[in-house]
Amino acid sequence: MDLITQLFPWITNGPLITVQVMSGLSVGMFLFLVSVGMSLIFGVTRIVNLAHGSFYMVGAYLMVSLVEVLPDRPWAFWVALLVAPLGVAALGGVIEVGLLRLIYLRDPLMQLILTFGLILVISTLVLLAWGPDNKSVSRPEALAGSVSIVGQPFPSYYLLVLGLAPVVAVALWLIFYRTRWGMLIRAATVDREMLGALGVNVALLYTQVFVFGSWLAGLGGALAAPTVAVALGMDGDVLTTAFVVVVIGGLGSFAGTFISALLVGLLQSFGILIFPAVSIVLLFAIMAVVLIVRPWGLLGRPEA
Amino acid sequence: MLGARGLVVLLAVLALAPLVLPPFFLQLLTEIAIIGLFATSFNLLMGYGGMVSFGHAAYFALGAYAAALLVRKGGVPMLLALPVAPLVAAVGALAFGFFIVRLSHTYFAMLSLAFGQIVYTVIFKWKALTGGDDGLLDVWPPSYLKSPAAYYYFALAVVGLALWALAAIVDSPFGYALKAVRENPRRARYIGVNVRRHQLLAFVISGLFSGLAGGLFAFYNGSVFPDFAYFTKSFEPLVVALLGGVQAFGGPLVGAFAFKVLEWLISRQWPVYWPLFLGSVVILVIVVLPQGFVGLFGRRPWARSAGSS
Amino acid sequence: MGAVGGVELVLQTQALSKSFGGVQAVNGVDLAVPAGDLRAIIGPNGAGKTTFFNLVTGDIAHDSGRVFLQGREVSGLPPHELCRRGLGRTFQITSIFRRLSALENVQTALLSHHRRHFNVLRPARRLYREEALGLLERVGLAAQAAKPSGIMSHGDQRRLEMAIALAGAPRVLLLDEPTAGMAPRERHELMRLVAEIARETGLTVVFTEHDMDVVFATARRITVLHQGSVLAEGAPADVRANLEVQRVYLGQPATAGR
């Protein structure tokens, strides 16, 4: 016991652990928002959308512009938060209809490479539209400070994420399991061809799913904007983390992504305390182990 | 592709280039040769083996860093350090490939990507050894190979030998069996080929030559950086091979030439537009290729390869 | 099947079984194939013929039972191991290397058979060329040696697959629906070729087949499968006369002289 307290002096520090857990959960919730779109798109269309990180980035940049353009009032932030993801959704729609529809029958690896091409295109367009400098968005006044949780300071803005993400998760769950559209989506993840044979317009479903997934990515980016430096290169960072989350949880599994996101969030949060240098390698190592032992992730479906 | 006479002409042109071209173009040609080797070794896996790796930059980087570390921290002369590069990369390919070849298709790609990112992150974080973000500098060849023309000849010679070896491998019994595995893994098993072992060997060979390319690049560049292993770098040999054509041995070389020349032309005028151009070309190539990888590999788009039974 | 005296059993299965989620596809099949046999395995659709083959060759894992090749147990060994131990196979859907030429197809099989397939030093083009041409000749494809196998006619592809399987110098050859998709005359030609080769080389052949004419013209012994179990086994005449077999195939005993 002594050895443990020596190695990890914080372990008996209850309040600190509480805050770390909350912080880890916030990060996890946030990762969930960002990753579930990618998982959803794969589940239905079988395309791993590498440009997902780029959509996230566009969401963040749109947030920046909207906040700049709107008058400096308390409601501006919230309006921007509402509109930015819609912009990304529109972008997703254009890409799906204009490009992805052409390649659905192709080898999945080709599709992967095409989405990689999209990364390059989108990042250049972002550079052209917003310039190379880092941008930032200030937090709304109501959430600018920090609150005291068991005596430790905790950024108020994270409370938004902690609050919003479960709401979105529940909403998603309701959509997938309580609406007809959701049922179609779940059916599509199991057997697309059968669904088409039953007269469902699968092409339209694909578009809807892709737009929805893009919207989620955009929401993630818009939410993140006040907490990170909005800069080029944020697409790559988020992509790799989202990728890890989605693979561990199981591509196409909603619950899997949720659990995995929380795990990864907590791991990142505590990893920084335990092994600051290794936490990211640890993440990739876990992802590698999952791919080796159980490629379809915690809750995914083996490619039957 | 060229025939013996064409090859001789090409070699003559390349040999005489330093007499005519300014140093900048010699450097460009050197880069083309190195990237060409990287892409050709990548294509051993993709075009001939039917396996697409998304993390090949890892072996390039392992080679580059192995050579650089030996020279900078070990005081080893370049000519001794360079041969170590492919060996280190091959060991990495063996270790990672062992797991990667157990998967097929998308999961193969994803795991190779994961391992690639692990290599990147380790290089990035292990500042004490690798210099982290700052990289390792002053990785220069000995003075008699330092001039653009001298290193150009050196690189050309090494790349030439490597390509000759790869060409021999492709036409060897090993190559025949590899193509068979690509075409029809099940039938390959039924003629007695241990498919997984064969794929692993191909992976190691590919990693080896990628590491050699990395080592050559380290001394060309004079420095090595972590982003040699970043996943975007892994797409370079893929794009180059696709551009030039994965079906022919010389395809990736042609692709390397086209890629580098285009990069030079576009980057000097409008540097901002290069990723846009590259991405668009990738998208175009994929949309336009009549059957995508199907035409290249003879596999139906959604047929699962029997490779992981 | 009764005692086999001193005759070597090239292929033998004991109580081989496999079920898929509650459906018993293969149910305790005992098979004993002596050297030189030309064994047809027949049965209505769903009888378990192809599943049985797949169990024998290790394509699917068996639930229980054992497989013996030339007296040695090979249960559960992977296909490439079985090939090395003298088992060759062709498939219901022709399985060849489509973008390689006919010659390259056979050469590759020969290279693997002679364990040269790890050799990176020599050009493969000339290796075993004569042998490969010989095999192609034997199956009547010598003229198409240079043709990319993917564009050959269906019947020729079947013959090519035969040559590929023969390249491994097998002791026993498993043919899964070898004449599927062929016209009647082609079928007889192919099976006549198979019988000839078997006679020349002492090869044992086990094949599944739907065409009864072909079966009765070629087979020395017939094993009838029904719902995963062996229903009858014996010489063609005996099997044909077997009332059970007639009922299973025709729904009622056939009248004599039909």
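Labels A, B and C are assigned to the chains in the order they are written; within every chain, residues are numbered from 1.
In this section, contacts are C-beta pairs under 8 Å (C-beta built on N, C-alpha and C of every residue); 3 or more make two chains touch, one makes a residue touch a chain.
Since this is a predicted model, take the numbers as computed values, not measurements.
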Looking at mean CA positions, which chain is nearest the middle of everything shown? B
Most remote chain, CA-based centroid, reference being chain C: A
Could you give the separation in Å between the centres of chain B and chain C, each centre being the mean of its C-alpha atoms? 43
Indicate the whole-number Å distance between the mean C-alpha point of chain A and the mean C-alpha point of chain C. 53
How far is the middle of chain A from the middle of chain B, if each middle is the mean of its Cα atoms, in Å? 32
Overlap residues in chain C, where contacts from two or more other chains coincide: none
Contact set on chain B toward chain A in their complex: 52, 54, 99, 102-103, 105-107, 109-111, 113-115, 117-118, 121-122, 125-126, 230-232, 235, 238, 242, 272-273, 275-276, 278-283, 286-287, 289, 291-294, 297, 299, 301, 304
Can you check the complex and tell me which residues of chain B touch chain C? 168-169, 171-177, 179-180, 183-184, 186-195, 198, 201, 298, 309
Spell out the residues on chain C that touch chain B in their complex, using ranges where they run on. 57, 59, 78-80, 83-84, 88-89, 91, 95-100, 104, 107-109, 111-113, 116-125, 127, 150, 164-165, 167-168
Please give the residue numbers of chain A that touch chain B in the complex, ascending. 48, 99, 102-103, 105-110, 112-114, 116-121, 123-125, 127-128, 236, 240, 243-244, 247, 277-278, 280-281, 284-285, 287-288, 291-292, 295, 303
